[in-house]
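One chain, subunit A, links the two complexes that follow: it is found with subunit B in the first and with subunit C in the second.
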Partner chain A sequence: MTAVTATEVSDEERGNSQMRPAGGGRFRPSPIGWLARAVIWAGVAYLVLVVPLGQSPTDVQQFTRGVCYAVVALSLNVMLGYVGQISLGHQAFVGVGAFTSAYMVTTQGQSFWMAVFVAAAVGGAQALVLGAVSLRIRGLYFALITLSYGLVAQDNIFEIQELTGGGAGQQAPKPQWFETEWRYYYLCLAFLAIVLYVDWRMMRTKSGRALLALRENPRVASTFGINVRLATLFAFVVSGVFAGLAGALIAHNDTQVSVDVWNFNLALVFVIMTVVGGLRSRWGLVIGGAFFALLPYLIEKIPGFDELLADIPWVPRVLTPEIAPLVIGPLLLLINLIQFPGGIGQQLRPITRWLGGHRFDIHDKGPKEVQITDVRA
Partner chain B sequence: MLDVLRARADWIVGLALAVALAVLLIATGEEKALVIGTTTGSAYGMVALGLVLVYKSSGVFNFAQGEFGTVALYALYMLDFEVNYWLALLGAVVVAAMMGFLTERIVVRPLFEAPRVILLVATAGVALLAIGVQIWFGDAQGKPIAKGFDRVDRVKVFGVQVPDQQLWLIAMLAVLAIVLGLFFTRTNLGLAIVGASQEPTATELVGISVRRLSSFVWVVAAVLGAFAALIAVPNGGSFAPGIMTTSFLIPAFTAAVLGGMTSLPGAFLGGVLIGIVQSVATTAPLFEDIPGTKETLVVFVVLLVVLVIRPQGLLGKGSA
Partner chain C sequence: MSVLEANHVSIRFGGVQACREVSVAVGEFEIVGVIGPNGAGKTTLFNLITGFFAPDAGTIFYKGRDVTSMAVHDRAALGLGRTFQNVGLVKGATVAENLVTAQHLQADYGTVSGMLGSRPSIATERRLRAKADALAGVLGLGDLIDTQVQGLPYGTLKRVEIATVLATDPDVLLLDEPSSGMGPEEAHQLGDTLLDLRKTFGLSIVMIEHHVPLVVRVCDYVYCLDFGQLLTEGPPLDVRNHPQVVAAYLGEDPDPAAVALEHQLDSLVEGN
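Moving on to the complex of A and B:
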């Protein structure tokens, strides 16, 4: 698989080099090209950094949730995209992170920073234990284990009164200096930037490349001296830490964590947004996560959406924002799996490559291996 | 004689295990758990039969199996206002069968060549879509559901009353297991399905369309899921969106894994075994301090232990 992919990529490169102007060298955009790219970059930055300033606090809270979901998508991507193990119980990791952070701040009187650190550590420890126990279990069976674990979290872990505050939920105030929705939004953006950076650097290190080799073929990887168990556990811990961090951020964004949101449906929404976003495509994952978190918000903002639904016979009620992800999400997933297996990331690749200073090539779908079809069964 | 024994080995081992367990439980004074466990376990076994069928024919872990049942429950709930109960029940089964057929046509068939994990994600997507539509068209509240048989005091086993509805479930399961067993060993269609699951290429070569068999199997699996839901859930009196996925799917998967994932009698016995283990363990002093419902935890522990220690299941052959 690896060898084939490599040849294909190099063929593509060769094709590109033939198209390049004589004089060779790396493609450099013209000054106008640079300007166009700078304008788009500025537009994206404006959308992410400046637009929220003019919105109401409740809207900004939704945007912050989008940022947190992007972290969740990146966390799930480490398991699904890098290791090739599917987690259907990720709501447990995120939920335990949320409750841990809320518990540390409210009951233990610790600072926000300490709480986030502990939540991330607990997330990592959880993933380490589950990973260590189920090292022998792969593919379909691992999906079963994680789904079952998610249900255990829902039925047992979240029933621990001291941790979750029972039916009333646990309070999670916003940290000092970041009390307003806007400031907290920028704080979460900073955390997302850190997660993106760690993810990017991790895949450039030896252990990151070991992971990719391992996903392709664990036996070949181990003959190259990769410690399969260690590399897998490492990825699990990274994924767990990201998930715990995301949970803590979500908790302090909502300022209250209640038990009933961390259910099986949420775990499936997490998987769906990761797959729809596109495995191993950071921008796709961020967009996928943010899109699913903002779906309720978008539906509210689209004018005439309710009337449109009301006109369809057989549909008895309007599609409320809470239900929308459960109905639209799976539909997108199925379209995605059947038609565009690379997800949003693959569809956007020509644009992201162009923004990165490369030539615009509408047919550039990245290396062939960027498909969700390589998760091991 | 020995050949016959060998051919029926999984049945014989399974029955021996079941009898040994029953004797053990009666000897230790846990006969109540035996009765309760068998009745709840029968429903797991029926869902597990559907899972095993789909796994045998397309190699897919069908996460939508539970939702076939919940959709049937909704159909029964709606139809029960309009027509006679038994007619409504029939209608509900037909609705589930249609859902199974459509799932195979729209989702499974286009992904025929895709890896199995992708199909797993796709079927999980179907399950979530079904739950979403249920909440959308109805609401998240529990709804009352009618029973076929209302009398509860006809039969008493070891001092535990077994409602007629439960007896019906057990009888139905036994009949289905036998019919399916005969179907897969005696009929052309059944043998073709077994062949397709073992060696798809060779099956195609002898002129059998593997894809056409697949839709038939999905319909049968959906009907099994529907029966399990329609007969077992009314014992609790009400149902809510996604009930079959959250409270039946994982025990059923555990039952199927316990039975080796490809064995029909194994799935049946696995279901009963999970039911009994659940009902023994929830009353055990070991689990007293654990908050929340213990059934989920018990299933998780059983699943983990089976997968780590004996991944091929109790009756399975070869590696899982």
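Moving on to the complex of A and C:
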């Protein structure tokens, strides 16, 4: 964990923080500044909202997958980014969400909305039970418990014929009004927006601040009156709810859920995309999630990219679309660890801050990372 | 009637008896000093009082309640605030964020209502931020309010920490070496600040402190610990001049036999 979070602080950053204007003189962009920002915002909105309209249904299905993975990244970020506990069993949370939703619609004849709600609730309940048992331990041991939970789920929960529909998989039709790939894409975007909003509000209220405090220093957090165990469990439940929701959205996007995709490889991809995207950076997480979801698609789609990857010397031709995230991901993770510990989010920070109406500052790398050590009282 | 009381608390870590039968009482609006050489068990005593360790024997009473087995955050909720020897702050956050985080228990909205951005939660957040600004002003941190804690000078961090612990709305303040990292001038100012804070916020203060002039000036009563035991207690000047305290700090008079041996060795070396 410390390897991911600990960084060295360059002199440049140190100098920068002292130059930061203190209180009082808040920066306000000029009208031209606002216009420039509006243009970029419009460009982003065009890319996300309008461009998919001109694409084929199979392509849009991939984009929707990107949106769903963004929700998964936000879900993992709650544990990994805010609390600093790694979950290696997230594929099980997402998978159970997917099967629950499909089961509710197909076997129980419930509406899509009810199914999504139940999937999210089941995701939270799973986290509540697993967390209540395991969150008395932290760090590596917690990671091992989630890892084993993922494997247990794979061999047990996903073997329940009634829930998973056996080898044929469970059908998960798209909801009424959202039958087309395009409409369903916008529906998923709306869900992503809700998750982003909840995450944003959480981090601006007491529950989110409690998580950041206890991640860095549980002892200090407890002297602030924060119940560390309960707050950690709360974060795990929030993470589980988001994961269940993402699972349900993935299920109805694919219209069919089968057992074999929810394996440990997927859990690794989830963790990698979250870290590469950038912990504690909502922009970075969304981009990271979408990028890894679309990676197989991009490899197939971009002409010549396939051949280019095949031509990398000494590397056997392993970059099939299925394996690509697990090869490219760790490479990006290495660059990430060495050069850009804050991931994509940190690299984009000057731009995202600027878009939010702040002054453009190319050296803005966000809060300096603090080496996490338990303060000896 | 004392607000905080430790009765014969003992704790042992493996072979080390970190506290043995230590009794401490803090009256209302009193400033109590805890002194003693390094490793005397002062911080361990704080950890017992705030709940990081459970004593092997003895009881801790706070506001007339037995809190011996109460969790740290529950004691904090009762108004027991503490600072840490090497600065207990969220260093990745700004001064303002620390001050708002410390007001965790005063954020009276529900967790879910906060996550959905309800109107009361936003109003409360605004109130917490205003209080953070006010506290920063009291401790002269107004200019640093939006600066990240990591990277601030040590003496400033100590002041930020005091502001933060005040934000938890305490009745009793336990300060672990508040003047460490400060020069004599700053330490003197800190004394004024503590006396002011006691008056403004109606606080009782317990402080572990090595800076003797500060202890003598602000403390009403002083306990001196050595090797986990209470050496002596009393008004500051009496404790300072107590022969055992002087011995504990400066070492006892040297053993005459050892001195004689040393002289012998010296002369041998010179003879060569």
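Going forward, the second predicted complex is superposed on the first by the 335 of 377 C-alpha atoms of A that agree within 3 Å, B and C clash if a C-alpha of one lies under 4 Å from a C-alpha of the other, contacts with A are read in each partner's own complex, and residues count from 1 in each chain.
Heads up, the rule we're going with is that contacts are C-beta pairs under 8 Å (C-beta built on N, C-alpha and C of every residue); 3 or more make two chains touch, one makes a residue touch a chain.
Predicted model only: the values in this text are computed from it and were never measured.
Of the two partner chains placed by superposition, only subunit B is touched by A:88; subunit C is not. Of the two partner chains placed by superposition, only subunit B is touched by A:323; subunit C is not.
When the two structures are aligned on the shared chain, A:205 is found in touch with subunit C, with no touch to subunit B.
By the touch criterion defined above, A:141 reaches subunit B but does not reach subunit C.
Using the contact criterion defined above for the overlaid structures, shared-chain residue A:335 touches neither subunit B nor subunit C, since it reaches no partner. Of the two partner chains, subunit B is the only one touched by A:159; subunit C is not. For subunit A, the partner touching the most residues, choosing from subunit B and subunit C, is B. Looking at the shared chain after the overlay, A:222 reaches subunit C, while subunit B stays out of its contact range. In the superposed model, A:275 lies in contact with subunit B only, and not with subunit C. Contacts of subunit A with subunit B, set against its contacts with subunit C after fitting on chain A, overlap at residues 375-377. Touching subunit A in their complex are the following residues of subunit B: 59, 61, 63, 106-107, 110-111, 114-118, 120-122, 124-129, 131-133, 135-137, 242, 245-246, 250, 253-254, 257, 290-297, 299-300, 303-304, 307-308, 311, 320.
The residues of subunit A lying in touch with subunit C in their complex are 9, 14, 17-18, 20, 22-23, 197-198, 201-202, 204-207, 209-210, 212-213, 216-217, 219-228, 234, 367-370, 375-377.
Subunit C contributes residues 43, 46-47, 50, 52, 71-73, 76-77, 81-82, 84-94, 97, 100-102, 104-105, 107, 109, 111, 114-117, 121, 125, 142-148, 150-151, 165, 168, 176 to its touches with subunit A in the complex. Every residue of subunit A that touches subunit B in the complex is listed here, in rising order: 86, 88, 133-134, 136-137, 139-141, 143-145, 147-149, 151-152, 154-156, 158-161, 263-265, 268-269, 271-272, 275, 315-317, 319, 323, 325-327, 329-331, 333-334, 337-338, 341, 372-377.
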